[in-house]
Structures are given as C-alpha cells and as structure tokens.
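Heads up, the next two complexes both have chain A, just with different partners, chain B and then chain C.
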Partner chain A sequence: MMEFLASVFGSSNYWFIVVRSTAPILLVTLGAVITEQAGIKNMALEGSMLWAALTGVLASAWTGSPWIGLAAGVAAGVAIALVLGLFALKLDANAVLVGIALNLLSTGGTVFVLFSITGDKGISSSLPSKVLPMVSVPLLRDIPWLGKVLSGQNLIVYLAAAAVVVIHVILNKLTIGRRIRATGENVEAARAAGIDPDRIKFFTLIVSGVLAGLAGCFLSMGYTSNFTSGISAGRGYVANAAQVVAGGTAVGSIFAALIFGVTDALATFLQSRGLPPELIQALPYAVTILGFVVVTLVRDRREAARKLRLFAGRDDR
Partner chain B sequence: MSDGTRTKTLPGKVGLFFTNRDALEPALVTLFAAVFSLLAGVGLIFLVSKEPAQSARNFLLGPFLRTYNIYYMMIAMVPLTFTGLALCIIYQSKHMSLIVDSSFYIGAVVATAAGIHVALPAGWHPAFAMLAAGITGGFIGLLPAILKIRWRANELVSSLMLNYVFYFVGSFVILYFLRDRNQTILSSLPFRNTFLLPRLIPNTQLHAGFIVAAVFVVLVSVFLYRTKWGYEIRMIGANQKFAAYAGLSVPTVILYSHFVSGFLGGMGGAIEMAGLYKAFIWQMNPSYAWDGVIVAMLARKNPKFVPLSAFFLAYMRVGADFMSRRGDVAFEFITLLQGLIILILASDKIVNYFKARRLQRTALARTAEARAAGAPAGGAE
Partner chain C sequence: METILQAVDLCKVYGNGTAANKFVNLTVRRGEILGLVGENGAGKSTLMKVVYGEEPPSSGTLLLDGKSVRFGSSRDAIAAGIGMVHQHFMLVPSLTLAENLVLGREPRKKSGMYDLNRAVRIAEELSAKYNLRIIPRARVVDVSVSMRQKLEILKTLYRGARILILDEPTSVLTPQETDELFAELKALRDKGQTIIFISHKLGEVFQLCDRVTVMRDGAVIATHDIGDVDRQTISNEMVGREVRLTLDKKAAAPGGTALEVRDLSFVDDFGITMVDRVSFSLRKGEILGVVGVDGNGQSELVRILTGHARTLTGSVRKGGTDLTNASPRKVRKAGMAHVAEDRMTVGTALPASIADNLLADRYSEPAFTGGGFLRRSAIQAEAKGIVQRFDIRCSSPNQAVASLSGGNMQKVVIGREFTAAADVLVVSQPTRGVDIGAIEFIHRTILSMRDEGKAILLVSSDLGEVLSLSDSLIVMHSGKIVAWFPDASAVTDKELGLYMLGLKTQDEIEIRKVLHE
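And then the complex of A and B:
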C-alpha cells in the first residue's frame, strides 16, 4: 500500500488530475469567500453551477460555439446568484433558506429542462455540445515534470488560477475590497460610512455567480463533455466548507480546494486498486469536514491565546 | 407567540381566529404560496407539453381520479410527515441542519439489517427495527450539532457534507453486507415476513405506518408545546442569548433537539422499509429531507399542521407522478414548484406584507392625529 501511494504521489499523471479536480472547487470556493466577506452566505453556488453546466451545453449545442456556451453558462450562474440577492436582500428572506430553495429547484429543474429538450433525464449526450479548449502553455510545457502537470490543462483551469489573483486584488488592494470587508464586519457602521451594503452584497453575489458559472461550464464542457444530472456533486456545498478552511482569503482558497482535489484524485486511483468505490467516493467529503474542524480548532486556539495575552496586558501586536 | 394568542382566544377560538389578523394573514400567505405554486406548475406544463390541457388535468385532478391514487397519497404522506416533524423541531430551535436526510437513509439501512438478520415475532420485529433505526438516526443527527457547539461549524454546511458521506457509507453497507447476490438488479436480501408492517386495507399498499405517523404528530406536538424540553427548544429559537442568560444550557438543548429530530428521521426510514418494500431496493437516496423542509415551512414549524402540509406535498408528488407517466412532462418539475414555495415563505417581506402595511397605516394615522391636535413632537415624530 505504501509503495502504491508513493508511486501515485510521484506520478505527474496523478498531479495533473489533482489540478483538474481542484480547479472547479477553487472557483466556487473563491465565490464563497467573497460573498462571505461581505456578510452574505451564498448557499446557492451548487444551483449556479448546475444551471451554468446545463446552459453552457445547450447554448454551445445550439450555436456551435463553445464561447457562446461559456458566456450563456456564466450568465445563468449569475442569474441564480441574483435571484438569491433579490430574495435575501430585497425581500428580507433568510439567505440560507433561499439557498436551499434554489438548490432544490436546480437539481430537479435542470433535469426537467434536460428532459423537456432531449427526452433524456440522465445525460445530454444526444446534443452536439462543444468543449472548451485545452491550452498548451509555451515554456511551461518544457519544464520536465512540472510541465506535464501544469500544461495542457483546460482553459478554465488557468482562469481559476487567474481568479485567485483577481479576487486577492479585489479584496486587498482595491477600495471595493475595503467596502466589502466593512459591510461584512458591521452593516450599520458601513452604512454610516456612506456605503450601500446591499449594493456591495449584490456586487459580491455577481462575482460569485461568475465564478460558479465558470466552474459549472468546466464540469460539462471540459472535465466531461456532457451535462449529467447532479453533475456538480455537492461541490457548491464543499465550497462553503472550504471557505472556512480558506480563512476568508483568496490564497487560502488554493490550499482549501487542494484538500478536496488531492483526495478526489486519489479516489480515482484507489478505485483501480479494487477498494470499495462507495467508501472512496465518501472520502473527499469526509476529508473536507475534517479540514474544516482542524482549521476552526487552530483558529480558536489562536484567538484564545491572543485574548489571554490581552488580559495579561501584553498585547504585542 | 402562539401561546400568547391561544390564551387570549380560548373562548370561541374559531371566531377569534378570523379576527386575529396576526394569525390569519400568515396563514393566508401560506395558502397563497401553495396555490401560486400550483398555478406556476400549470403555466410550466403549458410551456413544455404537447398536450397541455390533458397533462394539467392529470397533475391537478389525477390524485383524486383513481382510488389507488388516494391510497398512494396517504402512503406518500408517511415519510413526508416524519421528515417534516423532524425539521419542525430543528427550525423551532432556529437551526438549519439537513442531517435528517442521513438519519432517514441510514435508518432505512439499519432497518434493512434488522429485517434480514433479526428473528423476532411479528409486531415486535418492525418495532425493534424502528427503535434501532431511530436511535442510530438520532446519533447521526447529533453530529452537526456537536460540530456546531464544539467547533462553531455551520450546521447546514456540515450536514450537507455528511449527507454525502452517509449516503456512500450506507450504500456500501447494503452492497457489501446485505446484498442478495442472486439478483441481477441491486437489491438487499429479502426481509423476513415478521418484519413487514400489516396492511390497513387489504389489497392496497396502505400500511400501519400511517397510524404510527399520526401518533407521532400528536407526540411531537405535545413534546414541542407541552413539555419543558419543547419549551426550551422554542426558547433558544426565539432568542438564544436570552435563553442562555435565563440559565438554559444552550448546548444541551441543541444536542437533544438534534437527537430527537434525527430519531424521527431514522424511524421514518425504518417505517418506509417495513411498510412498502420486501427488500432494500433504493438505487438513489430519495432525499425526503428536502421535502421535509417544505412540509415544515408550510406548517409554519408547528407539528399540528404537518399532516396538512404533508398531504399537500403528497398531492403534488402523486399528481406529478400520474402526469409524467401519461404525458411528456418530467416528474422533476415539481422541484421547481417546491423551490418556489420555499422562496415565497422564506421572504419576510412577503409573509408580513399585510402586517407591515397595517402598522404603517396606523403609524401614519397617529402622526396625522398628533399633528391635527397640534401636539408638540412627542412620540409621533
């Protein structure tokens, strides 16, 4: 077993799969991070991904262009996020309940639409949908081992990497980032400072919708080349847990998404070793909860230690 | 809230209910949500179906057109009642956990094991399985509560994640320990005959679980509104900080509310197995917990209204099923309507629309009065 694991972790093929399965989680985790920073929980990321995955497939099949598919998919992701914003911010609904409603509506609704169009409830393979291109990165592909891992991935994988930078810049370098954090910290104080909290929250929801839309399109137009029912497989929920692991930062999201990616990819490899697939499929979710617990534990310890120092009058910050 | 109105309206309850606008208006909005979702459903049918009139008729009237559909509705009410009751308890404590989904599924798995391997006389056998499934479900229900109390993990997020884990673990147990290898389709070994619940009416599938569900509606109502434990659950739901200052041990209340809720879920799963099947044949998780959310919301978190809302949901399910078998509209379209119901009922601005308008009007009238009386800026401004 040990040498099997060693051979897996040494192979560039494994890490290629890790990067591929990390990318969609990373995108939605970033979406969860930015809304959470503004103090609104986007539980509908799962729904955004599902509709994006389906819309992407439908639009690309009708127009013959993966790019129009991508644009339509992202628009669908944003639409779901906006519905959440409409109900949660304008109609005073509990954002979490709205999220539950939207996810319920999306799991069945996507199947309903798929069936109404293709007559099939499981898969969209009868539609001539397009896939987003793989990108072979010059220079990077020539690096011996690393090139095989990082080059030749789907375009969205690189967009996910770019998204980390974009979200990091938004949150830490721009005025809007300060406003986002102010809103998340204290709505009243933010309002007193002349910020419109609803506008800020809508902005973060739109960003999270775009990110979830990209992730959804990746699943049906890259990771696989079809829409299948329940294609997002709880990744939107995982993102909400990973967001905590990420500590609310863009860079932390890479780490948090990798936890899922590494176990998810490992599951694929372990399955070939004849271990029960059911238990292996449970692994990524179990590990995410574990990561979630460990991180909150560490954070609480640190917080407690800081408070102790404060009480002792030795705040050396 | 409802306790306060109850004492006030004791003489002549019915008459006063219609004059008590605080109680009447939310009830009307709930009714509106239900009717509106059905209308939206008809709209959807006209959008996608080639024979819309026939499909709409099958959807709306189908459940009442055939006697077996009426029994079918009653059967469908049983699991919805259990998950609905379970979620009433969770929502009364203002928590959001959806772990009942796991409790229900694992409850069914535990009941399967008991139904195959335990030898007990009829009557005792399903009772034992329900208890075992309930206790297992209860402990599963505790997990998000523990994660919340100990590590402040959001219970909805952790429960959704755990639902995946338990689903995979459950199907692993069925496949590797309980599977009937002589069957080509996925099925557990057959249950012993003693495990099966008696039929209430011969030649129908209506089973004794319907009565058990009815009993539990009463039990949970009493538990929530007539016992100290139920009062404590509602108290932390109303104001957790206040409850803590009043000397309640909030973690303890969270723990037992989640246990009871998980217990109900587990029992529901066991009853479904003993009542309807001869072996475990679920290829997927039926996910009754998500329907339970709507049942609890339509019942306004009050167990005594759960049968009514479970009936409504069963009506929608049976109607959609009847329609999808006879036409070109997929069964899944009801999730769109269900989502719509939650969206409407979750929106405080919609639910409290009349009340807000009334309050605004009184406030304006008072201001006008004060102005007319020439009173200096007192309470009005």
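And then the complex of A and C:
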C-alpha cells in the first residue's frame, strides 16, 4: 500500500487530476467566503451549480457554442443566488432554510427539465452539447513535470486561479472589501457608518452566483462532457465547511479546496485497488469535515486563551 | 453663552405605552460640557436617541442653532453635526483603527483602489489635531478599550461633529484611563466642541462638567451650574423618595452553607472583564441580595451560576457537587432553580402553553412520563395546581404563554421555579415590568421560600426591592464585590449608593467575611 501511495504521489498524472478536482471546489469555496464575510450564508451554492451545469449543456447544445453555454450557465447560477437574496434579505426569511429549499428544488427541478427535453432522467448524452477548451500554456508547458501538471487544463481551471486573485483584490484592495467585512462583523457599525448592509450582501451573493455558475459549467462542460443528475455531488455544501477552513480569505481557500482535491483525486486512484467504491467516494467529504473540526477546535482554543490573557493582563495593571 | 441645542416639551411614548420622556426641556450651550445624570430608566438614553435621530419624538420640538430640526435617521443628525459615542462600540474588530475611522467615507486612489496610506494619514492628522492618541495601523481587536473609545470620538469628529454625545463612556475604563479621557474631553471643549456627557457616576460629573441636568422618571428635575451645587442635592434629586414596601418579615435564621462560590471571572467577547474574581457563600434560610448599577457583572454572575456562561477561573460547589461550568440541566438536577432576568427569551417559551412551560424542568420525571409518552392527565392536574396556587390569571393551562400579561407571565416563571425540587434559588429581576399586585404576591412568595429554609440569591435593579427582601447584601461594582453587609436592614440607600457608584470600597478582610469561613 505504501509503495502504491508513493508511486501515486510521485506521478504528474495524479497531480494533474488533483488540480482538476480542486478547481470547482475552489470556485464555490471562494463564493462561500465572500458571502460569509458579508454575514450571509449562501447555502444555495449547490443549487446554483446544478442549474448552471444543466443550463450550460442545454444552451451550448442549442446554439452550438460553448461560450453561449458558459454565459447562460453563469446567469443561471446568479439567478439562484438572487432568489436567495430576495427571500433572505427582502422578505426576511432564514437564509440557510431558503438555501436548502432552493437546493432541493434544484435537485428535482434539473432532473425534471432534463427528462422533459431528452426523455432521460440520468444523463444528457443524447444532446450535442459542447465542452470548454483545454488550454496549453506557452512556457509553462515546457517546464519538466510541473508543465504536465499545470498546463493543458480546462479553461475554467485557469479562471478559478484568476478568481482567487479577483476575490483577494475585492476583499483587501477595494473599498467595498472593507464594507463587506464591516457588514459581516458588526452590522450596526456598518449601518452607523452610512453603509447599506443589504446592498453589500446582494453584491456578494451575485459574485458567489458567478463563481458557482463557473464551477457548475466546468462540471458538465469540462470535467465531464454531460449533465448527469446530482452532478454537483454536494460540493456546494462542502464549500460552506471549506470556507471555515479557509479562514475567510481567498488565499486560504486554495488550501481548503486542496484538501478536498487531493483526497478526491486519490479516491479515483484507489478505486483501481479494489477497495469498496462507496467508502472511497466518501473520503473527500470525510476529510473536509475532519479539517473543519480541527480548524474550529484550534480557533476556539485560541479564543479562550485570548480571553484568559486579557483577564490576566488586567490584573497586572 | 449662546444656546446650540434645545429640546422643548419633548415627549417620547413607546408603542407599548411606556412614556420614556415626559415634556423634557433641555438646553445645551455652545462649548460646554453638560452632564446628564439619572438612574437606570430615568430617560437619559431615550432623550439622546431622539436628539441623535434614532427615535422620532412623539411630540415637542428640537432646536439646533435656534432652528427647528427633525431627524429621520441618525444620518440626518450626523449631517447636522451631531455625533454619538455609544456605550457599545460601533467598531469592526478585525479592521485597523484607521480603516474603522474612515469606514463609509473611505479615501480612494486615482485607480479607485482603497487608499490605506491616506486613511492612516487622516487618522494621524486627526489624532494629532485633537490630541487623542491612537495607533492607526493596529487592529481594533488588539488595542485597549480606552483606545477604542478615542477612536469612536475621532470617528464623530471625522464626520464633522460639533456636538458630541458620550453615553456612559467611563463604564468600561479604569480610573487612570478615565482621568486621561477627561483631560482630552476638556481640551476638546476648549477647542469649541460641545459635549453632552451621560453618566450616573456623580464624582465624574463634578470632575468634568460645567453644568448638570438631572432626570428622573422620564422628566428633567433640575439643571445646575456645577459650582452652585453639591453631591447630596443631586443624589437626592436622582433617587427621589425611595418608597420601601412594607413587608411582614420575620428575622432570618441562616443555617449552613448551601452554595459555595469561589473566584469566578468572566470576560466578554470584547475582552472586557465583566466578573472579576467573585467569591461568596450562600446560606440556607437566607436571602442574599446582590446590589449594583446595571451592567456591573450581576447578569454575568447569574449566567455563570445557572450554566448559561462559562467562568474562566474558580469554582461553584453545592454541597458535595461540583457545578463549575455545568450545564443548566445538571445545575437543575443538583437542586438549583433559576428565575431568569428576561422572561421573554430565557424564562419562558412564548408560543408554548402555560402547562408546558410550568413543567418544562420536570416533564421527564416518572410522574409525568411513562414508556416514552407524556401522561397528559397528570400534567394537566399538576399545571392546574400551580396555576391556582400562584394565581395565574388565564382561561386554561393550555393557553399560550405569549397571550398573558407581563405579570402573569412572570407568575408562570415563578410558579415553575418555586415548585421545583430545589433548595437554592437564583432569582434575577423577579418583578421587572410587573404590576403592583403581582409584585406583592411575588415578594411574599420569596419570603415564604426563605422561611422554608431555602437559600436565595436575589439580583434586582430595584434597590427598594433588594433592601426590603434581603437579609444580607453584597454590592458589585465593575465586576467585583466591593462590599458585604451582614444586616440589610441596617444599611441606607445613600450609603449603598457610594459603593454602587464605586466611590467607596470595603477592605478585603471585611468582604471576605461573606465566605462565612
């Protein structure tokens, strides 16, 4: 077994799959990060991904253009996020419950639409849908080993990397980033400073809708070349846990998404070793939960230690 | 001196009929520090909310520079040059002080990016101009409370405030920090700022203010130049005549220790020490009153004792059982009952029935549950018994608690807690917002529990209530016990006031006697 693992971790093929598995989870994690920073939980990321994946396939099949498919898919992802915003912010419903309701609606709704159009409840393979192109990156592809891992990935993988930079800039370099944090941390302080918290939250929801839309399109137009029922496979939920592991930062999201990507890719390899596939498929999720628990425990410990320090500090004075 | 701000016959009546301000007339002069004093609930905060545009007045007018103004929100008030430093800071902990200062009015680079360097420069310039020292690049969470307060003052100045309202600014400061703040406020005044200083600490008002306005029961009682008045006069005006309820009270016969509380401490999320090494022993057959100005750690102490908050240090023991940081369930199992200070959120489940609320702590006992099912008839009988005994006015025990009046709701809480199998009762604000008739009933019930030999810890903001019910007293100030009185009947309000306001503290040896060791 150790030998097998060593050969897996040494192969560029494995790391290529890691990068590919990491990209969609990275995109949704970034979406979860930015909404959470503004103090609203986007539980509907899963639904956004599902509708984006289906819409992308349908639009690309009908128009023959993967680009129109991508645009339509992203729009579908944003639409779901806006519905969440409408109910949670304008009508004062509980955001988490609305999110879960939207996800259930999406799970059934996407299959219903798929069946109505193709007559198949499981897969869209009867449609001539397009896939997004692979990109061979000049210079990068010439680096030995690393070139094999990082070049030749799907376009969306590179967009995911760019999204890290964009979210980092939004949160840290732009005025709105400070306002997002103010809204999320102390909504009263934000309001007292003349900021409209609802506008800020809507903005982050739209951004998260775009990101989940990209992730959804990647799953059905890159990672695979079809829409299958339940294609998002819980990644939208994982993102909300990964967001905690990421510590609310764009750069931390890479780390959190890699935990999932590394185990997800490993599961693909382990399947060939004759281990029960159900167990293996559960691995990425179990590891993410474990990461979540560890990070939360460490953070609680630190907070308790901080309070004790503050208390002790007062005595010295 | 000319008048800058004036309230004329201002009234504020809330939706539930409470008149928080009754025909208030207030005059603020340009370039003065005006003290606004009164007890909790005297209407100071409401008045300032109206001035700051957070609440619209029910009637009356507000004049700024002689012109009538009406603020739709605090944004209007800010635009008119009024700034407020709230008791609870309006800050974002993870952002730096400079970022907090400019929040909502951020400087940008030509590229549209956030200009952190300019934010820092603005902070440095303002800090130097007004002599309020802050560290612009430090994060709020990492700096002291006193620096956070300076930042709040700078925030109002950055937004162009000419009139500064400070709501109990010293409640979170040490004496040294308070002195520093006062020097800074005086400097601000000398630069032409007008300051309204809300407080119930008389010593500070005399140290800082030029004039003082006293409020009681929603009305302005008097305004004095600080040189023409003494503390005694003002404290008489603040308190008015305390009417002590006369109760048929037998002498207490305290027995052995029922609850041993040692060295409890609590730090809130802002890093402020709310409970500071509190120790006492509660004896059987005794009512131990806890006195203090609201917000001096009483609520947190009760939350620790009843399992709603964790203590950082020390222990709670009841007989042989260790109840340090135990869950509310374990605390109750060990024989403690808890009348929560807020009956609407902690004391009752509003949509549930009276019967369900009355049995919330005992429904799982064999008398009311069999084979996993509730015994409805036994529950009904028990509930009816308690409803009758505690005179809860309702059409049926199946009525929702939410539909009851405040007094009857409180009787539901009292009915449950006083019939629990408990020998230690932690009773917090038992008669807050309750009508006179119910108050009398609740007081008599508390005394009869004591006469049965139960140990009672009584926390109340109603000084008259604590004084008339308690056998002995502890006084809390800034999270510490500052005094212990073995005989509550031998203490006067005036004397207590000195301890409550932090003007006097007993020595350690005297306070330690409350341990009964």
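Miscellaneous remarks
As a working rule, the second predicted complex is superposed on the first by the 313 of 317 C-alpha atoms of A that agree within 3 Å, B and C clash if a C-alpha of one lies under 4 Å from a C-alpha of the other, contacts with A are read in each partner's own complex, and residues count from 1 in each chain.
One rule holds for everything that comes next: a residue touches a chain if its C-beta (ideal position, glycine included) is under 8 Å from a C-beta of that chain, and two chains touch if they have at least 3 such contacts.
All values reported here derive from a predicted model rather than from experimental measurement.
When the shared chain is aligned, no partner comes close enough to touch A:290: not chain B, not chain C. Once chain A of one complex is fitted onto chain A of the other, the partner contacts of A:238 are limited to chain B, with no touch recorded for chain C. In the superposition on chain A, A:181 makes contact with chain C only, not with chain B.
Shared-chain residue A:6: touches no atom of chain B or chain C.
Within the superposed three-chain arrangement, the count of touched residues of chain A is higher for B, of the candidates chain B and chain C.
When the shared chain is aligned, chain B comes close enough to touch A:282, but chain C does not. Touch criterion not met for A:251: it reaches neither chain B nor chain C. In the superposition on chain A, no residue of chain A contacts both chain B and chain C. On chain A, the positions that touch chain B within their shared complex are 41, 43, 87, 90-94, 96-98, 100-102, 104-109, 111-112, 115-116, 121, 234, 237-238, 240-241, 244, 276, 278-279, 281-282, 285-286, 288-289, 292-293, 296-297, 300. Residues of chain C touching chain A in their complex: 74-75, 78, 89-95, 99-100, 103-106, 108, 112-114, 174, 265, 267, 271, 273, 276, 312-313. Contact residues on chain A toward chain C in their complex (touch as defined above): 173-175, 177-179, 181-182, 185-186, 188-190, 192-195, 306-308, 310-311, 314, 317. Residues of chain B touching chain A in their complex: 48, 96, 98, 147, 151-154, 156-158, 160-162, 164-165, 167-169, 171-172, 175-176, 290, 293, 297, 328-330, 332-336, 338-343, 346-350.
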